[in-house]
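Next up is a structure, given as structure tokens.
Just so it is clear, A, B and C label the chains in written order, and each chain counts residues from 1 on its own.
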Amino acid sequence: MESIKLDTHGWEELVDITAEIRRIVKQSGVSDGLCHIWCRHTTAALTVNENADPDVKHDILLALSRIVSHDWPYLHSEGNSTAHVKSSLLCCELTLPVCDGDLALGRWQGVLFCEFDGPRTNRQIGVTVIPTR
Amino acid sequence: MESIKLDTHGWEELVDITAEIRRIVKQSGVSDGLCHIWCRHTTAALTVNENADPDVKHDILLALSRIVSHDWPYLHSEGNSTAHVKSSLLCCELTLPVCDGDLALGRWQGVLFCEFDGPRTNRQIGVTVIPTR
Amino acid sequence: MESIKLDTHGWEELVDITAEIRRIVKQSGVSDGLCHIWCRHTTAALTVNENADPDVKHDILLALSRIVSHDWPYLHSEGNSTAHVKSSLLCCELTLPVCDGDLALGRWQGVLFCEFDGPRTNRQIGVTVIPTR
């Protein structure tokens, strides 16, 4: 398993990690198969969405902040329950298709690391590439 | 990677693609392993849910329309921010188990392509089948 | 595919199944690869979140109950539409990384079976372990 480490700078932030994933896929030497990405944290997540217009990232964070209210009677004492909930809603792992030695993404798709409890240093993402045969 | 193409007919629509996935699994010759499904679009998604009573599909779209409001102050200028948000909430990829040369779904489970910004022509889904060994 | 069976005791409940998954991974003899987990039900789900403080589980169920209202005009006649919606929001499958013959989870991560329409007997989860090469 290869590893990506990154620091986040805001309380919430969507960070495009497509280039790092793509680099690991190319270095793996796998021509066709799957690339699995794993976020090792319970207050962050991974998602795929548009990476062309940065407003889409804004809108995703806006919507999640309206969907998951800070005002509900949470019990967890660390004050970051909304981050745990958002992590489960978006999911901490993704599997991407690999074709011809590269990620087979659609035209507008990018891979986004989702920080919901930042800023943090040393957020870690594991990447595993598996050939079809 | 095999490919499924489909046209959607409503603004939002859940389309059962179980039969197409099953056909690709059988043609792959893989007896036991995993089947990965990839939606190449950022305003659509994939999910597994009941395919017996069509009312369940209605209820999922109803709930998503209540969860993700059109009235929030989105910035993305194309007017389809709710579709991007729903795509991330449900996720654009699925991995399904393959046993004895077929999808190993539960009794009520079907695979649904989720259109959130239709109608569209030529929506594309990539399918990769990997054997256990 | 190995199988885990469990009974649930409440209407909604998050059950930590990390130990069972870990046991199956170790028995598989796979050193490095992926572990896929499949929930065979449309009113339950799987997620990864904190398994240290039980309050996090409470907060996830609380938030989901606020996000997905019982008061919307559902059509499905069984009265469990919120369970179907929550199943799609959290997803019925997970892929986990395997390293050195064990699940490669982060420090606070546990695998949770999510019951949304309990109590139920004989809930089934399928586990498939695939080596990297």
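As a convention for this text, contacts are C-beta pairs under 8 Å (C-beta built on N, C-alpha and C of every residue); 3 or more make two chains touch, one makes a residue touch a chain.
None of the values given here were measured: they were computed from a predicted structure.
Mostly differing positions are employed by chain A and chain C in their mutual contact, as under half of the interface residue numbers are shared between these two copies. Overlaying chain A onto chain B using CA atoms gives a rotation of 120 degrees, to the nearest 5. Remark: chain A and chain C have CA centroids separated by 19 Å (rounded to whole angstrom). For chain B, the set of residues touching two or more other chains reads 67, 89, 91, 95, 130. Residues of chain B touching chain A in their complex: 1, 36, 38-42, 67-69, 72-78, 81-82, 84-85, 87-89, 91-93, 95, 124, 126, 128-131.
Chain C meets chain A in the complex at residues 32-34, 47-50, 53, 55-56, 58-60, 62-64, 66-67, 89-91, 94-97, 99, 104-109, 130, 132-133.
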